[in-house]
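The following pair of complexes shares a single chain, subunit A, combined with subunit B in the former and subunit C in the latter.
So, the complex of A and B:
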C-alpha cells in the first residue's frame, strides 16, 4: 500500500439511504477503512458542500462509491462532477447499477407521476394544482430546485463506470471484500461486477428442488411457504435463478423469495426477460385459455420481473405516449 | 486479430438489382467495421460467382463472409460448400436475405436500398460474432414410415419395399386404398379403378418388407432426420387378427346395421365389418359406437359364431414404438361438405349427390350394382353436373381442385353409356383439361352429345320451390320430382334455368380437418389453403422444411391419380436416397452448458423435447448430451442465467444482428 491513504467518496443519488447504512454495517471494519482511507466526501454521514468537490483537482479522489439512480439534474450534475474528480468510479447498489426501485418510474413519466403524487391520491388536497417547479421567486430572491427527469437512468448510462457493486443494499461482507481489494490494488479488469458471484443464487440456495410446474402463481404474503422447499415449486416466483449470488441469500433465509436485486448473470442481457422465458417454459398447460388463466394469477409481471432493473433492461422504459 | 469480412451483394439478375441499388449497398458495406472487401455480382450462386468467393477467401484471407442474396433456404448450403472448399469454416458464412425479405416485397427503390443496407449491416455484425463449428455425423435408420395408405402411400411403400427398405405403413381406417378404392372408372382411360388398385393393395399386404399397421394412428413423433421415433396407436379392433381367418361369418350374422362410410351412406354395413370386400387387411373390426354389446351390454353374436375364437371384447388400444430414418406423410384430402353451400340443395333434395356418392352409385360393386337410378328407383332422363362447387370461389376456396372437370366429363360419359337417351348438362366456368389425353377426352365428350353450359350454377330448386317463385314466362314446366338449376350462361349472356332429374356436385378438395394436428406432429408447414407446404414449389415438391419428412398426394394439394402416384414415387426416391446414404451430416449448432455459469436451478430439466439434458446431483449442475441435442434452442431460451448457449444462435450473436440492423 502506498504511504498516502486512499481518498474515498460516497454519494447518494436517487436512493433510499440504505446503501449508506450498508456501508456502516461493515461495523468495526469501518475502523480498518479509516486506517487505509480518508473519507473525503460523504454527505450522508458528514458535512460537506458541493463546492468542496468542485474545488478539487481532477482525479483527486481515488475511488467514488456512487449509490442511487440518476433521477434529477442534481444526481446527474454530481455524478459528472465526481467522475471528473475520481480515478475510479463504482456504481454502488442496485439503483446506480440498474436503476433500482426509482427505476420503476420508467413505467410512467414525470407528468403522470406528478399528477398522482400532487393531485390524484386520496390524501392530497391541492385545489390550486401546484406542482414542483425548478425556480420560484420570493422577496429574498430566486429559489431553485433540481429538475426531475422523465426517465430514470443508471449511473453507467450517465457517466463511464469502472466497477459495479450490486445489491439492495450490497451485502456488507461483500463491501468489505471490495474495499480490501481496492486497498491492496488487486482489482479485476475495469467494467467488472465485483462483490458478487458469476453464478445464480440457486447455486448457494439450500432449498430442495425436484420439478417445476406452474398451475397457479401464489403471492408471498398470502401463503406460508415451506422453508425447506424451492419457492418456485410452491408457486411463488423467485428470481434467484436469474440473479447473481453473493448477497448471502438473506431473503431466502427469511423465507422470502429472491427479488433480483443482485442483477443479471454475466451472459444474460435482460434479467426480467430471462426469468420470464424460464417461467413460460414451466406453465403446466397446453390449453391457451388455461395458460392465460394461470398467467392472470401473476399480478404486475413487468414490475415483478423488472423490480430493480428496468432502466438497465432492454425495455429501458415504457414507450412515451406522445413521443 | 480483427476479423476480415467479405461482403457480396447479388443482383439475382433483376430480381434484386431491379429494385435495390446493389452498387450503393456494396459501397455502403465497404464502410462497415470489419469489412475488408465488398462487391456486387450478377449471380452469386453461379459457378463464376462461387469461384470469385473462393478466390477472395484464399487471397484475402477472409474469416467471415456475408452473402446478400436470396433466402438461406435457397442457397445457404451452396455458399457454405463453396466456403468449405476454400478452407473457410462453413458456419462463418452469413446470408442477408435481400430478395424475399426486401426486393420482392418493397416497391420503392430508395426504401428497398435502405432496407438492404440495414440487412447487410445486421449480417456483418452477426458475422463478426460467428465462431467456427463442426458438423456432426449420425447414422440413418434403414427404414421408412408411411402415414396414410391411399394410392400415394401405397406407391411409395411398394417402391421402397422393392428396394429392400423396411417399410411401416400406418393407416387410420381398417383398410388401405383411400379414395381411389371408391372410384368406379378413372379418367381419361376409363380403366377400372379397383382393377388397377387392388393388386397394389394386396402387394402391400403381403410384401415381406412392409409392416402394415391398419386401423392405427400416429400418436407422437420425436427425433430427427435419420432417427425418428414414432409412437403408433393400434386401435382396438376387438378381433384378434392373428386368429381371424377372414371367413366373414361374423359380418353375416351381426344383427346391427349402420350407414356404410365406404358407400357414402348409400348402403348399410354391420357393426362388425370390413369396409369393402377387397379390403387389405381383409379382417373385420368392431365399431364400438354401433355394436350392441358395447352399447347395451348384450348380444355377442359374432363371438358365438366365430369358430377360431378371434372375437375379443376385452382388447385395448396398444402403443407400438417404431424407429425410422424417413417419414412420408400421405394423409390425403377430404371432399368439402356440400351442406356448406345451401343454395345447391345438398342434403335437402334427395337427388342432389356429391361426387363420391355418385362414384358409389355408378360403381358395379356399389349399392345399386352400378345402376344409375334415383333414390326411388327411376332412371334419370336428365342429369346436371355442377363444376367448381366450393372451388374457384372466394366465398369458399379460391383454388382450383384440378380434377373436377375431368371426372365430371367421366360421369357424363358413364351416364351416356348407361342411359344413352339421357340429357347431360355440364355447368362449368372453364374447362381445365390439361393432362395427357385429357383434352382429347373433352373433345370426345363433346361429340357424345353432352351439353356444356358455360356458367356457374348459382341456385338449385326443387320443382315445388321453383313453381312457387317462378314468375317468368319461359314456359318451363317442372314436376315435383324434378330439380331446377339456375345459372348465367356467360356465352349467351343470359340466365338459364334447366330442369333435371338428378344433380351431381363436384365438392372442392380440402385439407383434412385434422391437417393442423398432423402438421404439428410432423412439423410441417401449411399453406394459406391448408394443405401441407412443400419445401420448394418447383424444385423440392415432395420435401418439407422438416428434414427427413416428405409429403405426397392429396395432402399437399388437389391432384389426380397420375400426379399422386408420381409424387408417391418421388417421395419414395427421396426417402431412398436418404436411407442409402447410411450416414448423414447434421447441423452443428447444438446447445452447450457453461459449467462455470450453471447454478443448478433445474429450469432446463423437463423442457428438452429430446431428453438431452440430465442433472449431475454431485456437481449440482445440468449436463447436456450433445449427441441427443437437436439444436432446437428451447433450453437456451429457458435458462434464466444464460449458462446455456445455443451455438450459432447465441444471444450475443442475435443481439449483434439486431443492433446492426438498427444501426442505420
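So, the complex of A and C:
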C-alpha cells in the first residue's frame, strides 16, 4: 500500500454525532490524515450515497470507523454492508463498543418507548395515536422508514469487529495515536482495545484519597464537590474504579465524576457488577436495615452502573418477565 | 412435567460448605436442586458470578456464609451483607425478581439449618417459576 492512499470510511449508527465531531477535534491533524488517506464514505461530513458503497468490490475499504449502536434495520444493514466492504472494522466510541447512551433503551422496549415519545410526554399532542410506520403509501409512491428494534445491540454483537476504540467520545489525542498506528501498519492483534489504557481511571486520578466510607449517597447536581478530593469520599458515585483510563480524565478535571464511558477493564466481563462491588463494600454499616436505608439514597443503581454499557453487560437488557 | 428449579449455591468454605457437608454425612434428606460451588469466603462472591449464573440458565442463586461476627477472615461476610442488597436492587431494575437471590448464614454445625434453607428456597423458586431469560445467543461472543 506504499504508493496508494488508505481508503477510510466513517459511519454513524444510533449515535449523537459527537464521535464525528471528535474525529474533527484532531484539528489540523485532519490535513495529515488526508495526506495518507482518502475518505471514501462519511455521511456526516460529506455527500455520499449508500448505493456508492453497495457498488464497491468486497474489501475495497482499508478501514471503517463505525460509531453508534445498532438499534434499527438501517444501522444493521449498513454495518453488515461496511463489514463486507472493509478489510478492518473498528468500533468507534462507546455506542458501537458497548451500546452507549442509546443502550439505555434496553431498560425499556419499542412499545414503551413509542408510547412515551408519541403519546405520554407533556408536549405531545397526538389524539389520533399516530405512530411511525415502516411503510406509507403516497400518490407519488411508497415511503419507507427503518424498523426500530426492541433491543439495542453493540456493533460486535452484529458483525465481527477487529478493533475497539472506547470513549464518549474517544479522546482526540487517542484518535490521532490510532490513526498514526493504522498509517504505519503497526497495529496490535485483532480484537484489541486501542486508544485506551489497561489501568483503571482511579489509578491515574490526581484527587486526594484517604478513607472511603458511605453513610449517605449524594447526587452530583445537588452538591458542590471539593475539586481536590475523591468524589466517592464525598458520597458521589464515580465509576473510575471500574473504568479504563485513557480519556485524559476530562470529566474529573471539570469536577464531574466518571460515568464509565471507556468501559470495563481488561478481563472484567461486566463493568456494572464490578462497580456495584466497589461501592457496596464501602457502605459504613453492619446492620442490614441501616444498609437498606443508606441504599435508599442511591436511586437508580442500574442506571449508574450501566449508563454506557447495558447491551454489553451479562444480562444485555431488562428482562420482560410477564410481558 | 413439573418445573424443577436450577439453583446455584455459593457456599463459604469455612462455615456453610462444612454445614452442607454435615447435612450429608448425617444423612439428612433435602431437595437436590442446589448445585454447590465452594468459595473461600462469601466475601469472595463477585456480583459477576451471580449475573453469569442467571445468564447461563440458573433460576435462582443461594449465597451462604458464616454468621456475622464469625467470619474466618474477620469481616468478609460483612462485605457480602452490604453487596447483596445492592445487587438485589440492581437485578430488580433488570427485571429479575430480587427473591431469586437469597443470602443465608449457615455455620459449620448447622446441617439441619442448611437442609431447611434449601428445602424452603427450592419451594419458593418453584412458585416463582422458571427464569427464561430473553438472551440472544449471538451476543455473548461480543465481550470486546
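Here, the second predicted complex is superposed on the first by the 319 of 323 C-alpha atoms of A that agree within 3 Å, B and C clash if a C-alpha of one lies under 4 Å from a C-alpha of the other, contacts with A are read in each partner's own complex, and residues count from 1 in each chain.
One rule holds for everything that comes next: contacts are C-beta pairs under 8 Å (C-beta built on N, C-alpha and C of every residue); 3 or more make two chains touch, one makes a residue touch a chain.
No experiment lies behind these values; they were computed from the predicted model shown.
S.K.: Aligned on subunit A, subunit B and subunit C: do they clash or fit?
M.R.: Here subunit B and subunit C cannot both sit on subunit A without a clash.
S.K.: Quick one: subunit B or subunit C, who's touching more of subunit A?
M.R.: C
S.K.: When the two structures are overlaid on chain A, which partner does A:281 contact: first (subunit B), second (subunit C), both, or neither?
M.R.: both
S.K.: Of the partners subunit B and subunit C, which touch A:269 in the superposed model: first, second, both, neither?
M.R.: Both partners, subunit B and subunit C.
S.K.: Let me test your reading of the model: by the given contact rule, A:241 touches which partner, first (subunit B), second (subunit C), both or neither?
M.R.: first
S.K.: Which partner does A:320 contact after superposing on A: first (subunit B), second (subunit C), both, neither?
M.R.: Touch partner of A:320: subunit C, not subunit B.
S.K.: Check whether A:209 is in contact with subunit B, with subunit C, with both or with neither, and answer first, second, both or neither.
M.R.: The answer is first: A:209 touches subunit B but not subunit C.
S.K.: In the superposed arrangement, which partner chain does A:187 touch: subunit B (first), subunit C (second), both, or neither?
M.R.: So A:187 meets neither subunit B nor subunit C here.
S.K.: Once the shared chain is lined up, is A:201 touching subunit B (first), subunit C (second), both, or neither of them?
M.R.: Touch partner of A:201: subunit B, not subunit C.
S.K.: To test your reading of the overlay: subunit B has the stretches 328-336, 490-498, 526-534 or 598-606, and exactly one clashes with subunit C. Name it.
M.R.: That would be 526-534, the only stretch with clashing C-alpha atoms.
S.K.: State which residues of subunit A lie in both footprints, the one left by subunit B and the one left by subunit C.
M.R.: The overlap between the subunit B and subunit C interfaces on subunit A comprises residues 268-269, 274, 277, 281.
S.K.: Touching residues of subunit B toward subunit A in the complex: what are they?
M.R.: That would be residues 594, 596-603, 605-607, 620, 634, 637-643, 645, 651, 655 of subunit B.
S.K.: Show me the residue ranges of subunit A that touch subunit C in the complex, using the header's touch definition.
M.R.: Touch list, subunit A to subunit C: 91, 97-98, 107, 151, 153-154, 156-157, 161, 164, 191, 193, 263, 268-270, 272-274, 276-277, 279-281, 283, 285-286, 288, 291-292, 295, 298, 300-303, 305, 311-321.
S.K.: Mind pulling up the subunit A residues that touch subunit B in the complex?
M.R.: 198-203, 209, 211-213, 240-242, 245, 264-269, 274-275, 277-278, 281-282
S.K.: Give the list of subunit C residues in touch with subunit A in this complex.
M.R.: 46-48, 50-52, 54-55, 68, 78-79, 81-83, 85-87, 89-90, 93-97, 131-136, 138-139, 141-144
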